[in-house]
Structures are given as structure tokens and as C-alpha cells.
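Next come two complexes, and both contain subunit A; in the first it sits with subunit B, in the second with subunit C.
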Partner chain A sequence: MIYVENLRKEFKKTIKEPGLLGSFKSLFHPKSEKIVAVDDISFEVPEGEILGFIGPNGAGKSTVIKMLTGILTPTSGKCTINGKNPTVDRKSYVKEIGVVFGQRTQLWWDLPLRETYGVLKEIYEVPEDRYHKRMAFLNEVLDLESFITSPVRTLSLGQRMRADIAASLLHSPKVLFLDEPTIGLDVVVKDNIRNAIDYINKTEKTTVILTTHDLADIETLSKRIVMIDKGQNVFDGTISELKSKYGQIRELHFDTDTANVEQALAYAEHFGISDDVVTTETDGKSVKVRFNSSVVPVSDMLSYTLGKINVNDISVKDADIEEIIRRLYKQGVQDEEKA
Partner chain B sequence: MKRKLKIYTPFINAGIQETATYRVNWIFYMLGNVLACFVSYFIWKAVYTSSGESSMNGFTMPQMVVYIFLMYLTSTMVSSDSAYLIGEEIRDGSIAMRLVKPVSFNGTFLFQEIGNKLMTICVLIIPLVVGVEIVRVVFTGSVQFNFISFLLYLISCTFAYLINFFFNICFGFIAFIIKYLWGVNLMKNCIVGFLSGAIIPLAFLPKPLEQVFLFLPFSSLNYTPVMIYMGMYSGTTLLYYICLQIFWVVAFWGMSKLFWRICVKHLSVQGG
Partner chain C sequence: MKQIKRMLRIHRIFIAQELKRMMEYKGDFIVGIIGFLMVQCSNLLFLWIIFSQIPDLMGWTVNEIIFIYGFSLIPKGIDHLLFDNLWSIGHFTVRKGDFDKYLTRPINTLFHVMVEKVQIDALGELLMGIALVCVTLPSLSIEWTAMKIILGIAVIPFATLIYTGIKIATSAIAFWTKRSGNIIYMFYMVNDFAKYPATIYNNAVKWIITYVIPFAFTSYYPAKYILTGDNPLYNIGLSVVISIVLMVIGIIIWNKGIGAYESAGS
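Showing the complex of A and B:
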């Protein structure tokens, strides 16, 4: 369905030297630098799969999505989707895909929402009867009825995102690209959108590629993830593989009045573990302890901490996705060095 | 062809509705331009009065009045914002959304702009043409309106608009390289205004310069339609200028296609 081979994208970037003098210099004698945004990425996605595509900011996720949707031309490498090359057969290719960029909109800003769907109907040549059925279906899944006559600029972010997803699905695309579809949304709308994506994927066998910073998006939707960092592929596998490997990191946050918490607690000595497994950071009163929950169970950690010192406001958190990626990337580099 | 037209008609509709959304802005924009016309009129009036001659370079004062107002109508009809729009879309990255649709990039801009202009044209054309004709009747004492000239004028305006549109598309593609067009665009508008005769009639220029300017594509934008309306061109001259317009339409259309192909490879979408 989707084949990506050795994809690479370079950008030229002009560098401005600092200060006023620098601005003058770069006005007449601009210096440029080559930046590799995507470096040799390969993966495959079979039909009907939801692929979670993750990585820290600036990792190159959006650049990959833009190449897959035919917006950017790769410097080298190849991507084939439905047997088509996005940059070569742009017009016929984009008929079969739907795209949502969470930070942009494809809706007509000044027109009532309904008009956008009317325009899209003609662009994608959707027949009248199919259009009505489809709109009824999308309305049911994404609940558009209450704001379909309002101008797009008056919609809330959650409404706009639902409307945008509906717009990308109007022509029943075979592949759906979602670039951060839940960015800045509240929990209820996030849930709503996840359910809609899941439902469309199950009922229509739509292949979905999804980028996000919210691990919960990935957990509810996709079985498989591809993780990239600094333009390179660092992980390709299932969620459970990722979790068993890297998802056991927990963070314990609390406030305390005790001075010298690190010495008072001395986790490493108490549990008989190395300093890698548990790290403690203090910032005034607040303390952050990061530990591997497969080595030290959360309950042990809590009871020990609470028994040892006086604690206010304690909480346990999953390590965020950036943290996992950071660990993963370090691991990747170490593996390569060993090999 | 019919199929294609059906795809792009919603862009015309959307364009009309967009203009309608910002009615007040639109009204003030037109009022501002009408005021500029009157400023121009008083300047020329002063020039004619102080020179003491009734005709300068083949233009009498009444003809000059007609020229000024027709020039305003024509430049409004044939104006194109596509360079600016492309520049903006490249600057804020929203061009990405246009590229993921199965439509021609140039086509969407063209039809959206036609929609944007349609209302302006409908509102302006009748009062201005009637006004200009009244001025002519008052000064000459007889009805000068020639339906065939008017029809030819409309045809010439259509070609002029297409030249301007494709020229602006080509120009807008510079934004793919320099990323932000505002300053360059300002300079372009100034130069084009002069070359197209919007500021002073080309007949007022030194002869060799006039000949060069008449061949350049810019005189086809405003000067040719206005001259046709005023009945200054006829017979083979008329045919020559219409053919020149067609030539420039085709030339810029071809160039815009070529530029598009080159530029799309250089695209780097800004901002996320």
C-alpha cells in the first residue's frame, strides 16, 4: 500500500549573523547552510493499518508527511502510495488521499462551513446522492450539525478540527494523513476524534498515518508505530514492544520541607539498584524522581518515600513521549556503536 | 471542458461570497480609487489650463477626462492580486492546503479572483460608462457611444486580465525563492503602472520610448483597451493590438506553466 524507500530531504537555510551589522552582511552576502531534515527513512504500511508516526519537535515528521502527500519533492529516495508517485502524478494521486494538518485548515475561512463541502464535492467529483449519504454519515460520526451554517472563522478549535477531518473524508479516500489532529484540543473532543478515526478505519479499511505528541492517541488507535528523530528512523514496531522496552519509566513528583532529600532517601542504596535506574532531581522544595517501574514497583517506591520523609502533593506520572524518544535515540546510537 | 468548468465554478461562487463578507472594506477601497481619479483630473485640468493649448499629443481635455475615468475602470477590471496572494500563501505555508487538492494550482487562483472581481465590475461598469458618455455628450454635443467599440473593449479587457493574471502568477513564483514578496510587489506595481499608461498616456512619451512601451506586454493591460474604447485604434491597427494581446496571453500562460514546474521542486513549506 505505502512503500517508503530511503527518503531524504535537504533544505538550504540562510544564516544571518547576529546584530545589525550581521543583517547588513547577509543582505548583500548571504551565507547558506544545508540542513538535512529527513535522512534515509524507509518503512511500509499495509492496507487498513493505522500507523502512528512519532518523534520530537523538529524530528522531520511533518516533512515526511509533506513528501508523502506530494507537497514537497524528496531530494532523493522514493515513496509509492497506491502504486503512484505523489510528486509525479500529483493531481490523480491526491484524489485518493485525505490530508489534515492540525495547524492549518483546508476550510474556506470566510465562508459558512457548508460552502467548503460544496466546493470539495465539485473538486472531487462526488455525485449528488453519494454526497448526501456521506454528509449524513460524517455528521453522525463527527457531529457537525450545530455549526455547519457558521462561517469557519467563528468556529472553536475543536469544531474546526472536526470539520477539517470531515472535509478530508468527504471523497472516501483510501489513505488518510493526519498531522497532529488532536493538537490543542480538550479531552472530550480528543476522544470524539479518536473514535471517529477508529470507526472510519474499521468500517472503510482506510489506511491512516497519524503523527502526534499525545501518546494516548497512539495507544487508542494504532498497533504499530514508527519513531523518528533528527530525520532518522529510530524505532519501528508495535506499541507493546515499545511499552515493554521503554514505557516502564515513571516519574514521582512531590514537595517536601526536608533538606538534602537525595541523601535522606538514598534510593539506590535502599533498593540495591544502580544510579541509572533511579535519578533524583531537586528544585527548591519540589523533587522529581525518575525510575524504572519494572525494577522498582510503584507501590514500593511510594511507601518507602512516604515512610521516610514528610511529603506534600505527591503524584506519579508516565514519562512523556519525548522522554521515551530521548532514551530510545540514545539507545539506538549506543547499539550502532557496539555493532 | 464542461466537466472542468464545473470543478472551478465553486471557486467563483466562493470568491463572490468572500468579497461580500468584507463589504465595508470593499466599498472604501472603491471610494478611495474614485477619489484618486478626481485628483488626477484636477492635475490634468491645471496642465491644460496653463499650457493654453486645446490639444496635447492628440488628446483634448474632454478626451483626457474620458481617458482618466476609463483608465480607472479598466485597471480595476484587469487588476490581479495573484502575485500577492501566492506570496502570502508561501509565506504562511497555507499553499500546502492548495497542493493537496486535485485541481490546477493556477486554475484555483484564476477562478477565485474572477469571483472576487465580478461584483466590483458589475457595480462599477454601468455608472462609469454612463458617466463617461455624458461627459462626451456635453463636450461634443452628440452621442459618441459605439456599441462595437464597447464590445471590442470588453474582449480586449478579458485578454488584458489574462495577461495580467499569468504575469502575476509568474511574478508570484519568485516568492518560492525569496519567500516574502511585499516589497518587490510594491516596486512591480509602480513600474507596471507607468509602463501600462495608467499614470500618463503613452502618447505623451518621446516617440522611440512610446514604440518600445507599446510592444511590451504592459501596454496591453490598460492602454490598449482604453484606446479601443475611445476609438483611437481602427482597422489593421486594432487587429494588430488585439493579436499582440493574444500573443502575450499565450506567452505568459506558457511561462507560468514552466515556472510552476521549476518552482514546485524548490518549495519549502514554512512554519510546521
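Showing the complex of A and C:
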């Protein structure tokens, strides 16, 4: 369905010295450097899959999405979606895709929401009867009824996002690109939107590429993730693979009456390891110790802790995906692999 | 044919959308109309003051000069009315990354940008131009032939496209420079010279408005043909050729520019 091969995008950036003088200098002697935003990225997405596309800010996610949607022309490499090249067959290609950029809107700002759908119907040449059926369907999934006659500028962010997603689905696209569709939304609206995406994926076999910083989106929606950092592909696999590959991080939870647990336990000194490998958080009586189980085995950790202080209610947990990704973003993947 | 029908339909829908948008804010709309009428009245007064001071000039009578002036406003007004949105490409659409929207829709991007907005203010220029032409015509003793009428009218869309072509080419520079508002402005403002007979200027200006930024072909040359019947091949024919050439250049630059478009971070 979607094939991305060795995709690369370079931007030219002019370097300016700071201040007004620097700006003048650059006007007459422009210096520029090449920035590689996306460097040799390849992946595939089969039909009907929801792919979570993640990475820290500035990793190149949006640049990849923009190349896949025909907005940017790749410097080299290629992407083929439904057998089409987005930049070459742009007009026929974009009829088959839906795009939502969470930070922007494609709705007509000053007019009632309904007007936007009326125009999009013409732009995408949706026949009258299909349009009515489609609107009824989208209304059911995204619950637009209550604000469809309100001007777009008066919509809340959650309503606007639902409206934008509906706009991207009006022409029944085969592929849906969602760039941060849950940004800035409350928990309930996030849930609604996730359910809608899931429902449309299941009922219509729509392939979805989703970028987000909210990992709950990924956990509820997608089985597979592609993670990029500094323009490079750093992980491609299922969430359980991610957990088993990088998931040596465990959490030890317990309650204790001992005061000053951190000093009493002094894990780092005892095991002769650095503070990065084990971190301790206390909140009143309850204590949370995060450690790398490939460096300190769980059994050692347990027996040392139990031997040292009085403990109630102890448990060991898998680190959640958020924790894994936090570590990956922070340290960079190379470091993680060395460890 | 089907393609053209679809484009016309979309154009109509965008115009309807624009009119609805203007009427969404009723107060602004009404004040806008009042302001518009005031500006037109003051323009009329200003023109009257200028033309009542101008004697015959380089062999042109005042009425002929007013006719050329009026004729120049017609293609300018049509372009301004229909395709004004090109300015936004040079000013902010590219710089802010809002051009993304056009690229994700199954319509030609240039067409989409051109027809997305209408500039109602331009009706002032257009109506003023038509009025000045109509008022001066009876006193000009023009020898009317069928060919003159046909060519005189047929040249108007081509003259319009000279404006549009120049705007497309200069706005598309923004795809590389991110901003080209001042470039469009610089080129566009040369049209002020084209409101008067080209012969009143020195050779440099005349040469520029004929061959470099050929606004003289939107007004002076076609109007001269209507007035004198001289050399239709040059006065009208070259207008047509130049407008086609400028449109082709504009479209080529535009299409190249899309490949260079960089969007903006989000």
C-alpha cells in the first residue's frame, strides 16, 4: 500500500550573525548550510494498518508526512502510495488521501461549518447522494450535529478537530494522514477521536498514518510504530517488540515507614552503578524505584531492598511505553543500544 | 471541455463563498460599501482636477488621454477583481506554510489560488474605466468598423492576462525567497505609467513599459488602435502574443516553484 524507500530531504538554511548588523552582512554575503531533515528513511505500511509515527520534536516527522502527502518534493528516494507518486500524480493522488494537520485547519474560518463540507464536496467531486450518506455517517461517528451550523471561528478546539477530521474523510480516502490530531485536547475528546479513527479504520479498511506525542494514542490505536530521530529511522516494529527490545527498565513500587529511604538504600553506591541506571522517587510513604534490569537483576534488587528496610506491599512493574520512549528521546538510541 | 466546465463551476462556488463570507459580518460589509463609494467619489474628483488642468499633450487631445486612461483601468480592474489573491502568496501564504492546503487538494494549485478570493473594491476601477471610456467615446469621432469593435473587445481578456501573468511570475518567486510582496509591488506599480500615452515619456520609460514590463500593451497600444486604426498587427497582435508569453512564463515559474516549496515547521 505505502512504500517509502530511502527518502531524503535537505533544506538550505542561511546562517546569520546575530543582530541587525548580522542581518545586513547576510544580505550582501549570504552564507548557507545544508540541513538534512530526513535522511534515508524507508518503511512500508500494508493496507488497513494504523501506523504510529513518532519521534521527538524536530525529528523530521512532519517533513516525512509532507513528502507523503505531496506537499514537499523529496531531495532523493521515493514514496509510492496506491502505486502513485505524490508529487508526480498529485491531483489524482490527493483524491485518494485525507490529511489533517492538527496545528492548522482547512475549514472556512468565517462561515458556518456546513459551508466547508458543501465546497469540499465540489472540490472532491462527491456525488449528491453519496455526499448525504457520507455526512450522515460522519455525523454519527464524530457527532457534528450540534455545531454544524455554527461559524468555524466559534468552535472549540475539540469541535474544530472533529470537524477537520470529518472534512478529511468526506471523499472516503483510502489513506488518512493525521499529524497530531489530539494536540491540546482534553481526555474525553481524545477518547472520542481515537474511537472515531479506530471505527473508520475497522469499517472502511482505511490505512492510517498517525503522528502524535501522546503515546496513549499509539497504544490504543496502532500495533506498529515507526520511530525516527534526527531524520533517521531508529525503530520499526510492534509495541511489544519495542518493549522487549528496550524494556529492561522496571519499576519497583513499595510502601515503607523508614524515613529518608533514598539515603538508607543508596542503590547506586551499593551496586556500584551510576545514578542514571537507578532512580528513586518518594511520595510520603510510597516509593518508586526505576532501574535497568539488565544491569541490576530484579532478584538482587528485591533481596537487597527487603533486607535493608521494612517494606509493605511491594511490587515490580514493566515500564510503560511512555517510559521507554522518554529514555529513547533523551539519550538517543545509539547510547541505549550500547548499554 | 469537461475540465473547463469543472473549473468554471469551482470558480462560481468560490465566489459565492466569498460573498457569503463578506455578508457574515454585516456591519463591516455596510461600512465597506460606504467607504467604497466615498473612495470612488474622491477618485472621480481627483481625476476631474487633473484632466481639467491638462492641455493637449504630444498630439493627444484631453478626451483621447481620458479614453486611454479609462481603457487602462478595465483590464487592470478585471485582474484586480478576480485574481487579487496572488498577492497573498508573495506576502504570507508561502512564508507561513499555508500553501500546504492547496497542495493537498485535487485542483490545480495556481487556479485554486487565483480564484479563491474576489476583491470587490476592484469594481471601482472597473466601473470607473468603463464610465470614462463611455463618456469620452461620443466626442472622439472614431471611425467604427466591425473589426475595430471585435478586436477592441477581444483584446481586453488578453490585456488582463498581462497583469495576471506578471503577478503569477513575481508572486511565485516567493517559493524560493519565502516572500516576494515587494517584488510584485515593484513590477505592478509600473502600470501607473501605462495609464497615459506612452509617447509622453522619454525613451527609457517608453522602452521599459513596452518591452520590459509591457504594461503599455494593456492600455496605450490597444487604445491607440481603437482611436486611430493604425497597425492592428502591432497594437493588438502584440498584446495577445505578450499576454500568452507572460502567462506561459508565469506558469513555468510557478510549477518550478512548487518543487522548491519548503512549507513551515509545525
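The rule is short, and it goes like this: the second predicted complex is superposed on the first by the 251 of 339 C-alpha atoms of A that agree within 3 Å, B and C clash if a C-alpha of one lies under 4 Å from a C-alpha of the other, contacts with A are read in each partner's own complex, and residues count from 1 in each chain.
What we mean here is this: a contact is a pair of C-beta atoms (placed from the backbone, for glycine too) under 8 Å apart; a residue touches a chain by one contact, two chains touch by 3 or more.
Worth saying up front: this structure is predicted, and the values here are computed from it rather than measured.
Asks: Subunit A superposed: clash or fit between subunit B and subunit C?
Replies: clash
Asks: After lining up the shared chain so the two structures overlap, which partner does A:Leu7 touch, if you call subunit B first and subunit C second: first, second, both or neither?
Replies: Once the two structures are laid over each other on A, A:Leu7 reaches no partner at all.
Asks: In the overlay, answer first, second, both or neither for which of subunit B and subunit C A:Leu265 touches.
Replies: neither
Asks: Counting only touches as set out at the top, which of subunit B and subunit C does A:Ile165 meet: first, second, both, neither?
Replies: neither
Asks: Can A:Asp110 be said to touch subunit B (first), subunit C (second), both, or neither?
Replies: Both partners, subunit B and subunit C.
Asks: Contacts for A:Met301 in the overlay, against subunit B (first) and subunit C (second): which applies, first, second, both or neither?
Replies: It touches nothing on subunit B or subunit C.
Asks: Give me the intersection of subunit A's contacts with subunit B and its contacts with subunit C, in residue numbers.
Replies: 11, 62, 66, 69-73, 90-92, 94-95, 97, 99, 101, 103-104, 106, 108, 110-111, 115, 119, 122-125, 151.
Asks: Please output the residues of subunit B touching subunit A within their complex, sorted ascending.
Replies: Subunit B residues touching subunit A: 3, 6-7, 9-11, 13-14, 17-18, 21-22, 93-94, 96-97, 99-104, 264-265, 267-269, 271-272.
Asks: For subunit A, which residues are in contact with subunit C within the complex?
Replies: Contacts found on subunit A: 11, 62, 66, 69-73, 87, 90-92, 94-95, 97, 99, 101, 103-104, 106, 108, 110-111, 115, 119, 122-125, 151, 179.
Asks: Once bound in the complex, which stretches of subunit A touch subunit B?
Replies: By the definition above, subunit A touches subunit B via 11, 62, 66, 69-73, 90-92, 94-95, 97, 99, 101, 103-106, 108, 110-111, 115, 118-119, 122-125, 151.
Asks: Note which residues of subunit C are touching subunit A in the complex, please.
Replies: Subunit C reaches subunit A through residues 6, 9-10, 13-14, 17, 20-21, 24-25, 97-98, 100-101, 103-108, 258-263, 265-266.
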